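Two complexes, one shared chain (subunit A), two partners (subunit B, subunit C).
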Partner chain A sequence: MKIKLLVIFACCLWVPHLQAADKIEVVASNSTLASIAGAITGDRADIYCVAAPNRDLHFIEPTPKDVMKLKDSDVFIHAGLDLEAWRGPLLNAVGRLNLMWPAGERQIDASRGIFLLEVPETLSRAEGDIHAYGNPHYWTDPENAKIMARNIAERLGELYPEDKEQFLRNAETFNQKIDAKLAIWQKQMAPFQGAPVVVYHNSWPYFIRRFGLRLVGELEPKPGIPPTAKHLDGLVKMMKEKSVKIIITEPYREKRTPERVAKETGARVVTFTQSVGAFPQARDYFSMLDYDIGLLEEALGLPEGETR
Partner chain B sequence: MRILLIVFICFTVFSLDSLPARASEENMFQSLQQNVLDLQRTIQSLQQTVQSQDAVLRQQAIQIEGLQKKWEGVSPRPQAGTSALPAEVPKRTGGFNPDIGMAGTVQAKLTQSKEDGEGNDTIAMKELELNIGQAVDPYSRADATLAFNDDLEPQNVYIEEAYYTRWGLPLGFTGQVGKFRANIGKQNLLHGHELATGNYPLVIRNFFGEEGLAASGARLRNDIPNPWALPLEVTGEVLRGNNGPSFSGVSRRPIFNTHLKTFFESSDNTNLELGWTTMFGDENPPLRIENDDGTITTEARPEGTDRFGVKVFGADATFNWFLPEGKKIKLQNEIYFQNRTKLVHANSDPWGFYSQLDYRFSPKFSAGIRFDYLNPLDVAGGHGSTEVSPYLIFWQSEYADLKLQYSYTNHAGENEKIDNAVYITVDFLLGAHSHAIQ
Partner chain C sequence: MNDFWFIMWKPLAACLILTGIHAYLGIHVIERKVIFVDLALAQIAALGTATALLFGYHLHGQATYWFSLSATFLGAVIFSLTRMKKEMIPQEAIIGIVYAVSSAAAILILSRTPQGDEEIRQMLVGNILLVDWPGIVKMAVLYALVGLIHWRFRKIFTLISTNPDEAFQRKISVRRWDLVFYITFGLVVTSSVQIAGVLLVFSFLIVPAAGAILFSDKISGRLFLGWMYGALASTVGMGMSYYFDLPTGATVICVFGALLALLALVKAVFCKL
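Our next item is the complex of A and B:
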């Protein structure tokens, strides 16, 4: 009798898993991927995101909940490359062979086919926290978002042939919207062509290139190395010489250093995000770039010394 | 009068003559003005055209560059399905070599104690870890940490961890065999350089050894499904019994360990992890005596034998609070109780706990304090040991840090004494390095 009760109890424990089986359980490594995946899958999938949007993607600490979600997932969508260094230990903890990168058939690498910038010729930590494959912040270029959408739709279509057409149609709609928005964003940015900018961390080369800005320096002396007084002194001098008006930072970075540099140079600090959901205004991929470009447009148009 | 008339006529004639000229000049001026405005509009229109052409050209340049690079095969980025794992990029000459990394910990310790305790009043290469890991085949991987040290003892090398992981066992279990750090609470799982402090908490040092408990054995791990979608992870281990001061020290007397873990997210920026540890082991097995003729006999110890006479129960709680600007507060607590016979150690109910508060307040610095209490294995009765350890960490980069720690210790026992110690620790990482999720 006791054994029967135990079996019944165990069956009850599995019931929620059976009930959820009609939807595709997708886990995305970051919120921007989750947003793009959501645009492609629509109501067909439930999407869970590992990295909270207001935290640095380099240093996410996966939790037991992330492990559990990934164990129960149907598909894992990630950014590929080596930005999400925590992805390997997470997948090791999950232990699902079909989710492992690169061979797992239920993982989708969104970076496939993207032309990467800043691929290092030699690998040395003397150059800081550089990335072996190239700069991994590729989704800040809307043209790359189109490739990501196609990657996700095509692979999902292979995994779920009955939904393939819908996924591809949704990806096409997403990409058409990107084209339409890109024309607007480029028009917005047209007056600021060649404007010199300084960034806190080198996470915006794709954005800068797409919209015709000019990167002239970083607050970090080398990628991932905290700013030093000596480096900042040199940077301030250079910014004054080149009349740099903008310092781009992110919400998870300390504010004191960029504000200090801004005060000494008359530049303006703008807090961009490349993670959907980091700010209430950045609800999806489009509103995220709307937010960033709007900030830049306003800051470059504001009277000197005024910050937003 | 005539003269006046002539002057009037002349003035009138000249005036009438100048009117058309003035009108003509005004017309010409207006025409010119219109022309200038037209030209301005044309220039503006041309500027806009040039700007839009610039954007098109830039976009085309990016595409051309991308195509050229791809054509030339310059980009070393591997395509999914054919590439290696991230840590073993991009040197294809490395082939199938495993990820190799090194973690070094150099520690200087100044102490009031006159004992030749580990690293007292000296500087030592406390530990140099050589980490090697890689997928073995599509189903498994192997990881090893070989530790070299130049501390009190003559230089030595030992296997800190070396284990084989097999995923995808029936019912979703993950299995590990080899030598590994036992899944006890939180800090026992960490390697020395991962600690925020220069040493392990007092209770871990006393119950499981100066560097915690690592032993050969086998481990199974899985999640327990439940209707509340609550992360509930269970780990079971059978470990060789020759490690850890609390246990027999005899290999054939295994230690059985289970750890249960759960996790709650109270908000977007706070979470709480709770764990429970249960261990059973032998305290004092029969003596094995090798006779002159090579035979082995066993004799019960005069003080008696007790199978599974050691029971250890522990609880751990870790609270994380993620603050704006990348700041973070972590409060971690572990408590352990033992219920054991008094055959080897004097205390049948030793127990202890620590509570540690850590605050990462800038990219470069973090600070914290750990409070330890211990009712040790060998001291029965009286008050326990207490230790207070404030510390400051300078994070030079992700790969190098400097730790400064002061510890005030009030030891328990007959030789009750107070000790003040200062630890200065330098950690550095080289090559591929990653830590298992705890």
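Our next item is the complex of A and C:
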């Protein structure tokens, strides 16, 4: 009797494992990567995401579940570069060499082959850039999302040759949809070419470049340094001179400073997201950019000072 | 269960090592009524790091380490000099002032460094869950050395902490010993903070010692109870963090607090507080 129970118990423990073993266990460092990876793997993979979408990707505190998922994962997809500062310690805790950047064979660096902006000319920290490799917020440019999709599909295809074709096909579908959507987005933005914008933190250069906007200032005097009185004073004057209408911020930043500057200059604060899932409207990569561009279109389209 | 041990045994080992030295130092800190001295020293160390960045040194470089260590020693000097035989300003006030001023100074300095404060902020929020082997070994060796010094001179340290008046009367050079105390203390705290973060280190220092004081008035008894307390709370905290997937450090701190409330209740009911 005891043995029989034990066997049944053991089976209960085993069955879900067997089912799970069919699927590729993918861990993605952030929700945008998870979403793109989902588009490529379809139902071939279970995808787990480490960083919650409404948080600043610089400051994520991994939990025990994150460590466990990563330990048992088949593939780790991450943003590369040095945006996710917590990634190194997390991988050290997991201790699997094949997930380690840059040489591990089961990690996929989505940033491979992307043309990076703001790469420091000298690599000395004293010259002063937090991001030694260049600005890491690259996926706000849809053209870069295409490279990322291809990176993920190709590397997954190397690891799972039997699914290679399917992955590449899915990436191609994803990229065609990007091309179609990009044409629409660019049409939406066409009336606003060269419009000057101010950002809270320098996390939108790729978006700004792609859609023909002009970055004229940042609320932060330096990345990560809270806005100072003198800096804001100069910024407000400049914004009035150039009649800047837009301040781009993100959901996890304090709202008082952008709102104050907006009040003094007649500009409008738009809260963008570059993480899929940060807002219910941003369900996937496409609806995320729909959301951001919709906000911008609406804010730029209205006469100065008028609110929605 | 295997997963549990795989993920949690390193943080648990780190917690037990932290308990070992902090429960002991906490007894001194409570006796001396300098409760927040660890926060002040951690902040001074961060100020040292910020200064190193201002001079263009790398955040994780040797030079930066020495800057932060020197800053900690400076803090130790301040706290040993401000202990008066008849105090005009309570030392707790000085600790608060040092904390506030060094936090503010760090902000000023960082606004002049090219780098911003993103990485230095992480100095003060270390994540115990992600502690690695070299970190654990370094910690164990350093704390064993500090423990040895305190064991060798336990009579003097205990006397100064529990009965400073008598120490002054016996012509013991209290300030010099205070300097030794704060230097060793600063060494411990600054390295723990980088691994576990300020909040967790504060809890390891104060809560087990406070719980132990409820049930014993001898140093050895308190030390034993403090160790039991820290080990128990750490283990329960690790378990809860794992099973409910909660941030590890914060979970352990809340367990520390809950256990203290429980012990106070027990004491009130059975020992007529």
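Note that the second predicted complex is superposed on the first by the 278 of 308 C-alpha atoms of A that agree within 3 Å, B and C clash if a C-alpha of one lies under 4 Å from a C-alpha of the other, contacts with A are read in each partner's own complex, and residues count from 1 in each chain.
Operating definition for what follows: a contact is a pair of C-beta atoms (placed from the backbone, for glycine too) under 8 Å apart; a residue touches a chain by one contact, two chains touch by 3 or more.
Since the model is a prediction, treat every value here as computed from it, not as a measurement.
Q: Sharing subunit A, do subunit B and subunit C clash or fit in the superposition?
A: When both complexes are placed onto subunit A, subunit B and subunit C end up clashing with one another.
Q: Applying the touch criterion given at the start, work out whether A:V67 contacts subunit B, subunit C, both or neither, answering first, second, both or neither.
A: Both partners, subunit B and subunit C.
Q: In the overlay, answer first, second, both or neither for which of subunit B and subunit C A:K263 touches.
A: Touch status of A:K263: no partner.
Q: Using the superposition on chain A described above, determine whether A:A85 touches subunit B (first), subunit C (second), both, or neither.
A: both
Q: I'd like to know which partner A:K240 touches here: subunit B for first, subunit C for second, both or neither.
A: neither
Q: Tell me which partner A:L116 touches in the superposition: subunit B (first), subunit C (second), both or neither.
A: After superposition on chain A, A:L116 lies in contact with subunit B alone.
Q: Counting touched residues of subunit A, say whether subunit B or subunit C comes out ahead.
A: Per-residue touch count on subunit A favours B.
Q: Of the partners subunit B and subunit C, which touch A:Y252 in the superposed model: first, second, both, neither?
A: Touch partner of A:Y252: subunit B, not subunit C.
Q: Quick check on the superposed pair: does A:P223 touch subunit B, subunit C, both, or neither? Answer first, second, both or neither.
A: Only subunit C is touched by A:P223; subunit B is not.
Q: Applying the document's definition of touch, where does A:R169 land relative to subunit B and subunit C: first, second, both, or neither?
A: Neither: A:R169 stays clear of subunit B and subunit C.
Q: Which parts of subunit A are touched by subunit B and by subunit C alike?
A: 61-65, 67-68, 71, 85, 89-90, 92-93, 125, 128-129, 224-226
Q: Where on subunit C is subunit A touching in the complex?
A: My answer: residues 3, 6-8, 10, 56-59, 107, 110-111, 113-119, 121-122, 125, 127, 129-132, 241-242, 245-248.
Q: In the complex formed with subunit B, which residues of subunit A make contact?
A: Residues 12-17, 52, 54-56, 61-65, 67-68, 71, 80-82, 85, 87-90, 92-93, 95-97, 101-103, 109, 112, 115-116, 119, 123, 125, 128-129, 132-134, 143, 186, 190, 193, 209-210, 212, 224-227, 251-255 of subunit A touch subunit B in their complex.
Q: Report the residues of subunit A in contact with subunit C in the complex, numbered from low to high.
A: So the residues of subunit A in touch with subunit C come to 58-59, 61-65, 67-68, 71-72, 85-86, 89-90, 92-93, 124-130, 220-226, 228.
Q: Enumerate the contact residues on subunit B facing subunit A in the complex.
A: Listed in rising order, the residues of subunit B that touch subunit A are 48, 51-52, 54-55, 58-59, 62, 65-66, 69-70, 74-87, 89-91, 138-139, 141, 165, 167-168, 172, 174, 223-227, 229, 231, 233, 261-263, 265, 268-269, 271, 273, 320, 322, 324-326, 362-364, 395, 397-399, 430, 434-437.
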